[in-house]
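Heads up, the thing below is written out as structure tokens.
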């Protein structure tokens, strides 16, 4: 029962990724695409944690930490390029 | 996992198509990085054994017959090396792009014909 | 036009080559003999939890030495190609929020990087990933426009120090354990399985690799993006 | 000066313990690493001297966490309503508000709290002026907007950071 | 206990879905950022808390806490930076907006003093 | 469950690869290439290779994207100089 609900939750989160990706395809400006990328990374972090518990290996959580930190710096780099900062 | 194998091949072909048809130097480097990713996915999915877990032997793995429970560690190690080398190659290619642009003020590959015969 | 047809022909040929490979591909059910020997040796001889780490650092240690050398050569190449030119373009300052937050996050990211490369034998990750995290911390400071004067002498010192020490640990194996044992991690005691201080010299070697990769990549990033 | 260093050291040690667990080897190595980092980055990390450590500040920070969680929940229900509604009921604009906080870290936490609460997003700051994108503008002048957006967090943060 | 954690995870995933839907539906960049930041932040926090309640026996609450702290601290900052960049890159607000104080104050020249 | 995630991510990655090749704007192409690496790292995790996943997340999607952005910046700066 509980496993079924967890799987349904993961599939709903997957649908969230797909919706953000549609914005990345049609987004008229670059800022729209960057926002969509931001949304996709955060939903992917949740999905990584789900995978860690699904395959019963808590060590995978390290991947989520690194993923979050690096994607934050990537978004900041895109934003600073957009405002002609760096 | 057959799906990831197919995915790797598709990415490889799309990347090659981009490298061969695009004129922009930066687009060619992007195509190269897509080929890189595709190749890595192929190698990792060849090493995957269905129903087995990652080769990190902590308390969730039975140590007595550990070799029967884990996937192949050698493709992981190879791909790890290949990703780092890929970064080095990409950095070198991009600095060549910058150097070429500073020399000729153009990004189109049609403007660089010194080595054409 | 004729070029495009040739390109399409080449790609179709590639697809035709791949299809029989995919159709007849049979997945293994068991580990190969070499792999299972690596797994057994990682438990019994090296006391290392992460088999990938023991393959990278010990069984294929010379490859890793070569990899670090390639990174060093890349640093030299990028530095040669992109020599500094005076560039004076007006850039927009970053916001005050980002500057403060990056000062706060900088130390935490470096701590996480050190965690990743000291626990390379217990958890996923290791020298390369930890080194990239340290690079990321410096990159955040460059992006956020925090006034940080890169001290190149310290960077070069850390790089050459860790490189020399890495090779010296390999040579110690030569001296202590005899021939055929370059980069053997059993020169230090093996410790208890699953603890931080175990697996011989593997954590030390991976920490040195981490410091070296971090300082090299920081140099590359600074050459490509700095003023 | 000593207080700043101690604070940085214990912050790093707590993060290390959360990451690595409470084995005694881990704690010893973590203490060594934190000490090294504290010595190296002591002069760079100027923002760590801004906490007030006294019982009142600790009490207020606990209250602040609850206030913040409640606002976060409210903001999400608000966003959910706006997204699901077929006509997307929004009335957006960028307004200017003022804050009284002096501390840099306090200003960052205030801006983060504003971003995560109902219908507001910090766009830019200029000293004590914050420019905030508001999804449903209800008051036009600076004072009204400040009262609605900033005040509910500011009274706690003023005690914690000074 | 497991069912309780599963239900919290489900609620979190619904917020994540709403975040994706908001990014798709809203009319301009700033409104997209509003939904994209808030809904995904609370959604991922609830997702992680739910999973760690459901599997409380693994003893890994420390790492989950670190991930949550990093998400709470970095996510608003990245969207703030993006919003500022979008404003300075000249992206207009949607036509339904009522006022724009930042444009009136003309910060364009202040930033470029370096 | 694993097959579902791999199929969905695979479709997204293939579309992103086409976008990365065909979009005119270079920054958009770079963002699409970043999406490929980002999702590839989740796929490595599903294939039971967490080391590779961490490396791909750190190097493939982080540093490579940032190096591309720095290259764009250098080229733009060259434009404005002359």
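Labels A, B, C, D, E and F are assigned to the chains in the order they are written; within every chain, residues are numbered from 1.
Here, a residue touches a chain if its C-beta (ideal position, glycine included) is under 8 Å from a C-beta of that chain, and two chains touch if they have at least 3 such contacts.
This is a predicted model, so every value here is computed, not measured.
Trainee: Tell me, which chains sit next to both chain B and chain D?
Mentor: Both chain B and chain D are touched by C, going by the contact rule given at the top.
Trainee: My parser should flag the chain pair with the most contacts; which pair should that be?
Mentor: A-E
Trainee: Suppose each chain is reduced to the average of its Cα coordinates; what separation in Å results between chain E and chain F?
Mentor: 21
Trainee: Averaging over Cα atoms per chain, report the distance between chain D and chain E in Å.
Mentor: Taking the average C-alpha coordinate of chain D and of chain E, the gap between them is 14 Å.
Trainee: Centroid of chain C to centroid of chain E, CA atoms only: how many Å?
Mentor: From the centre of chain C to the centre of chain E is 31 Å.
Trainee: Residues of chain D that touch two or more other chains: which are they?
Mentor: 15, 19-20, 108, 111, 122, 124, in rising order.
Trainee: Identify all positions of chain C at which a residue touches two or more other chains, and write them in rising order.
Mentor: In chain C, 50, 52, 91-95, 97-98, 101, 104, 112, 116, 123-125, 128-129, 132-133, 136, 139, 220, 224-225 touch at least two other chains.
Trainee: Any chance you could list the residues of chain B touching two or more other chains?
Mentor: Counting only residues that touch two or more other chains, chain B contributes 6, 17, 21, 48, 53-56, 58, 76-77, 80, 84, 91, 94, 98.
Trainee: Mind listing each pair of touching chains for me?
Mentor: A-B, A-C, A-E, A-F, B-C, B-F, C-D, C-E, C-F, D-E
Trainee: Sort out for me which residues of chain E touch chain D in the complex.
Mentor: Per the stated touch rule, the residues are 15, 18, 21-22, 25-28, 30-31, 33-35, 37-39, 41-43, 59, 62-63, 65-66, 72-73, 76-77, 79-80, 83-84, 87, 93-94, 96-103, 105, 107, 110.
Trainee: Which residues of chain F touch chain A once you look at their complex with the stated criterion?
Mentor: Residues of chain F touching chain A: 1, 4-5, 8, 12, 15-16, 19, 25, 27-28, 31-32, 34-35, 38-39, 41-42, 45-46, 48, 50, 53-54, 57-58, 61-62, 65-66, 69-70, 72-73.
Trainee: Applying the document's contact rule, which stretches of chain A touch chain E when the two form their complex?
Mentor: Listed in rising order, the residues are 1-2, 5-6, 8-10, 12-13, 15-20, 22-23, 29-32, 34-36, 38-39, 42-43, 45-46, 49-50, 53, 58, 61-62, 64-65, 68-69, 72, 75-76, 78-80, 82-85.
Trainee: What does chain C use to touch chain A in their complex?
Mentor: On the chain C side, the touching residues are 91-94, 98, 109, 112, 116, 123-125, 129, 132-133, 136, 139-140, 142-145, 225.
Trainee: With touch defined as at the start, can you tell me which chain C residues reach chain F in the complex?
Mentor: Answer in residue numbers: 50, 52-53, 87, 89, 116, 124-126, 128-129, 132-133, 135-136, 139, 217, 220-221, 224-225.
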